[in-house]
Amino acid sequence: MSKASETEYWRWAEHQWKNPDIPDWQGSLVTAGVDIGSTSTQAVIMADGKLYAYSSIRTGADSPNSAIDAINTAMEGTGLSLPDIDYTVGTGYGRVNVPFADKTVTEITCHARGANFIYGSGVRTLLDMGGQDCKAIHCDETGKVTSFMMNDKCAAGTGRGMEVIANLLSVPIGEIGEISLRVEEEPEPVSSICVIFAKTEVTRLMRAGWPLEKVLASYCRAMAIRVVRLLERNGIEKDFAITGGIAKNAGIVRRIENMLGIEALKTESDPQIAGALGGALVAKDLIEKKGSQNFQKDRRRVNG
Amino acid sequence: MDSLLMKSNIRNTSIEEWKQKGGKTIGTICCHVPGEIFHAAGLLPVRLRATGCTDDSEGEVWMSSFACSFARSCFELLLDGTYDFLDGIVSSDGCSMATRIYDNYKYYKKKEDSNKFYLKDIGAPRINNTKHALPYYISELNELKAGLENHFGVEITEEKLKKSIAVFNESRELVRELYELRKSDAPVITGADSLKITLASVSMPPEEFNAMLKKYLAELKTRKPLNDYRARLMLIGSAIDDPEYIKVIEDKGGLVVCDATCYGSRQLWEPVACEGEAIASIAKSYLDKTVCPRMSQVSTHNELYDMIIRMVKDFKVDGIVYAKMKNCQVWGSETLYFEDDLKAANIPLLVVEREEIMTNAGQLAIRAEAFIEMVEKEDN
Amino acid sequence: MSEQFDLIKYLSDSVDSLLDYMKKKSPERLWMFEVQKSQWGDIYNAHKDGKKLIYVSACVPPELIFAFDCVPCLLDAIPTRLASQPELSSKYIDFAEQFVPPTMCAIDKVDVGTVFSGDMVEKPDAFIYTTYPCDNSRAIYPAIEKKLGVPTFAIDAPFRKDDRGYRYLADQYKDMVVFLEELTGKKLDWDRFEEVMDISNQTNILMDKVSTLRKRVPCPLPSRLLILNELQLQMIGHPGLLKFFENQYKVGMSNIENGIGAVPDEKYRVTWLQNMLWSNAGIMDWMEKKYGAVLIMDAFGYQKAPLFEDPKDRERVFMDCGRKALASPMIHGASGPAEIYLDLVDQVMDEYSINVAMFVGHVGCKHTWAAAKMVKDTIAEKYDLPTLLMDIDACDARYKSTEEIKEIISEYMESVVGAKPIQ
Amino acid sequence: MLTVGIDSGNQNTKAVLLMDGKIIGRAKVLTGFNPDEAAVKAYELVLSEAGVNSRELAAVAATGAGRNMVEFAENKVNETSSAARGIRHVNSSINTVIDMGSEGCRAIRLRPDGKISNYEVNDKCASGGGTFIESMARVLQIPLAEMGAYSIRHTKEVPMNAQCVVFAESEVVSLIHQKETVENIVYGIHIGITNRIASLVRRVGIIENIALIGGPGHNIGLVQCLEAELKKNIIIPECPEHISAIGAALYAEEHVL
């Protein structure tokens, strides 16, 4: 019955990064953000407001363990250990499951803050596509949210749907976007992006003999349409940026840009860490507000 | 005996006692069916709602998945026996979903025997600024009055009506006092509890309600104030009769301090001014004051917006939670009218889609929490 | 991209080119399209012809507008006209969804979309709306009033369809006359009004005759012609509509004289019991060909309008306007208490010898959906017939593809009705 | 007479070989992207296992969502008809049949003479289909076949409200985090899905002798929940997932005569 041996095309690649320009964190104010999403978990560590290290791993069945794995992976090669981190903010759908967090903050607040750091203070409209939801966020020049909107009731058109399609068609998820752009003309979008029905429809298209790129284009287009609706309802103002895993999917990004007639800001950094990064920034703010001098580490530490 | 908050249950001890004494109850649908008239006839008006409904599948069989789930759930409770204490139903065409609760139930009841169960629907104008609206509505109410007299063998006199108006006005007065308390920087009552009280007001004899609320208010004033909240919120939108819904928001630190909803502030704001004939006074008051987007005129939408702005100021609201019932066009399209104005007035707005049976409290919670983070004052 | 698209001009031009085409291709069917020329051409040319253009909703008596020599533009006629062009209708639907819930009726979404997008280039001189047909329209008309910023007159439609309701409407129609007098600067010309009422009566009598023809077995008129019954809401009193029904009657009569039905092999007499499927009207032709299933009558366009009993009775004509409004297509069934709707369903079933009942349910019409079980049970009890309940979007073709709809109807026809496809 | 019925489902393709109304062979293969190929495979499998040569066959009929792609089947019959026909063949007392496929669910009410009186299909959301249960099994990391067994060992009812598969997945994950037992979670999943199926059944009217067909018929937990909700005994035929294929084979038989 078990399908353990099956290739898992939907999996994102895990990775870890450390800022080569910061040789030593000691003496700095070190804060962290951990973003537990439904499919992936990121941990970001900042030293004196500079991005120091981060990791991105898969969320396992046990969120607390994922949080610990993520922070440990991020700390690899830095010489840091948990007690060295002054303040940690947990965010994301599993935010209450970050055992070493000092505070939890929603991913909406964190993504806006993180995007402000990654893309600059000009960002006003932000799109975050997560595993099971999709958020249109409007924010000010400090990265504070001024309005937001999320999909309701049904997770159609979210990252999880993309994973299901990747698995169904045996295409590595990272390649879907590129492949979908190989069409000369945009096909009709699939009519339903309900995760299950889309699977049926994609299957139907494959059975009807559509080439892979056309099927993917049809699916990506439907997702883009849905996202654009959400953005429009929340209001669009430049600059526009996309965070979350889907920002790496050119097939979706390019289509959204075309429909909106606005280009999304590009970055050298990893847009998937925006939530965790925002968490680390919020953590820094909180400490600074308390006054760093008499700051005391009063961490509730839960055994992982 | 139930406490006042417990009277928010559809079935409560007050109704039980009323029935035991041989009293008759009438279920009313929508806010243009004046409770005063039933009260004057010696009947207990109970406003139909679906608080506590956990399954609406039979309602869906009748009303389809395209119907508003509030209406569907109300209908479900009519079928499953929750409302078996009713001796009749009177509906006004509040919205077309509300009328279908009535229509379906009438159809369903027809298959039963008798004419014992009283069924009546009345029309209520959707435009109140013509000279014809009030006389039309008065005629509808007079017809209802005559119908009740005939069916229940009672006489509804001017005197009785005026007495009933006074009793209902006292309820409005007391609820207003309750709302006054919520203006404080450290209110003594949560939004969820406040809703329970206004729900109780439509589910028990008004005299008893008045007596209990008076006592409750006195007790409230000695209560420890709530000051650990993160933001003050206002709740607006389609019929919200579920205190649990507000609780989810309040659990995240957003204290709901006021509302513009049908089971909350809507009916209880202004007293009925009794000038001249009682039915005419009732009609005038109900027609003028009801700030419900079911009305199809620009002025109502403007008044609604003005009222919201006024309450935002008076209650020191940090943000508005706008709960749109899925498939509710009446409230659903309000965005057309005031979203831009709210933006211009710098009042944060959270729009959430709602269904009567809360299927995923987590989804509401995350939105509420993010919204609270967005609007809370920096020094928290 | 930047040039403003003029929707009404587009509709008017399309009719012109269609007429040119039909003149060459099949002149005998030209009459079916000439009525659309009266409809869209008049609106497009209103200002050129020196007439006032008035946007209207259902239940605004067209006769009164015509009596003032103004041109009515029924906003709800645009969505049904555009329904067969998904590329256009979806543009307006998507645009509207920025403001209104996606669950809103697509007719009203298109109304919002066309007005708010600016594609209704020619500004009307006035807007007259009523609080019928439904919650959707009630929610958007005041917003359209705000957006248009033109003189507006709003009429409150009564809930129940009784004398009090007719009186209520009559009083407001009289006020509407005052509004129109102020707008046009002219007094109501009663002679002209009487002429219009006369045309209106003639048209209604013909519509009734045409409907009666449809009662015959086999039905002498094709399914498709039912679609245009809704024109009554906008055009009753217009000579163009009269001509249309004259022609339709002729076709029906000639088929009867020749002893044939409109469909060579009529096997099933079908009714649709909610909206018309404007977004996929071809389904009707397909049903005729595939199963010999002819749409005999539908609950949307069902026609049984009262007449102006005495056009010279200046009091009574307003009461008649009220009676007529509440008996007009869509309003008679879809608005007001469900009992009246169920009666209408019963009449359709009974009068037209229906043997296949389909509730082709427009998803935006939530209150008729909320009566679907009553409709189904009524038919089962009285006629021992099942009813297919099918959700469709009458104006948004993207909701269900033609293939999907055919699949559902096929399955029903073959498994429940026991129909065999005609090869 | 020998006939074959093929049910080309979204997930599996089933084939049944009938000899004068008697089932003498059954096969099931994955449908994949090429329903025709899958149908050929199922067809060959069912013949070879019964040792029957294709030349002995009188007719072949296809049903199911992919029936029109099964090119070699000369007869096609829709899913409602084949389900009705099939169930009456194996049990003539059935009045209502619930056909649960991978994505869809339909409730069919039969007249005493076996003709269909009416039926209802789930609408635009697939939350009443077998795939829903499958996805939940995957999240819980238990084999699909064991869902039923887990469910009947529940100790209490845990409400599972989300209809959307994706949200339901996360609801399950958070229940796991709350240390809820797998048994109770599975039970909650079945209750949720049962409510949606029951709504369909109510629409066609609940009367005695209800059968459940399709793969989920093997799921004893689901069946128990359905019985409790409808307050009726649910009859599961011997090979629930092959009933529609039987119906198709019967249809083929008729169309030879």
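List of remarks:
Note that the chains are named A, B, C and D in the order they appear, and that numbering of residues resets to 1 at the start of each chain.
Quick note on the criterion: contacts are C-beta pairs under 8 Å (C-beta built on N, C-alpha and C of every residue); 3 or more make two chains touch, one makes a residue touch a chain.
Here the structure is a predicted model, which means the values were calculated and not measured.
Each step here moves to a touching chain, and the least such steps from subunit A to subunit B number 1. Listing every chain that touches subunit A and subunit D alike gives B, C. Comparing mean CA positions across the assembly, the chain most remote from subunit B is D.
Taking B-C and A-C together, the chain pair joined by more C-beta contacts is B-C. Centroid to centroid, with C-alpha atoms defining each point, subunit B and subunit C lie 36 Å apart. Centre-to-centre separation between subunit A and subunit C, using Cα means, comes to 49 Å. Taking the mean of the C-alpha atoms as each chain's centre, subunit B and subunit D sit 45 Å apart.
Residue positions of subunit D touching 2 or more other chains: 123-124, 163, 167, 203.
Shown for subunit B are the residues in touch with two or more other chains, namely 61, 326, 359-360, 363. Residue positions of subunit A with contacts to 2 or more other chains are 93, 153. Interchain contacts join each chain to each other chain, per the touch definition above. Those residues of subunit B whose C-beta lies close enough to touch subunit D in the complex are 54-55, 57-58, 60-61, 65, 357-360, 362-363. Every residue of subunit C that touches subunit A in the complex is listed here, in rising order: 94, 97-98, 398, 401.
The touching residues of subunit D, counted against subunit C in their complex, run 78-81, 84, 115-121, 123-124, 203. Looking at the complex, you find that subunit A touches subunit B at residues 93, 105-109, 144-150, 152-153. Of all residues in subunit B, only 61-64, 66-68, 71, 92-93, 95-97, 99-100, 103-104, 106-107, 121-127, 130, 132-133, 136, 139-140, 293-294, 296-298, 300-301, 324, 326-330, 332-333, 335-337 touch subunit C in the complex they form.
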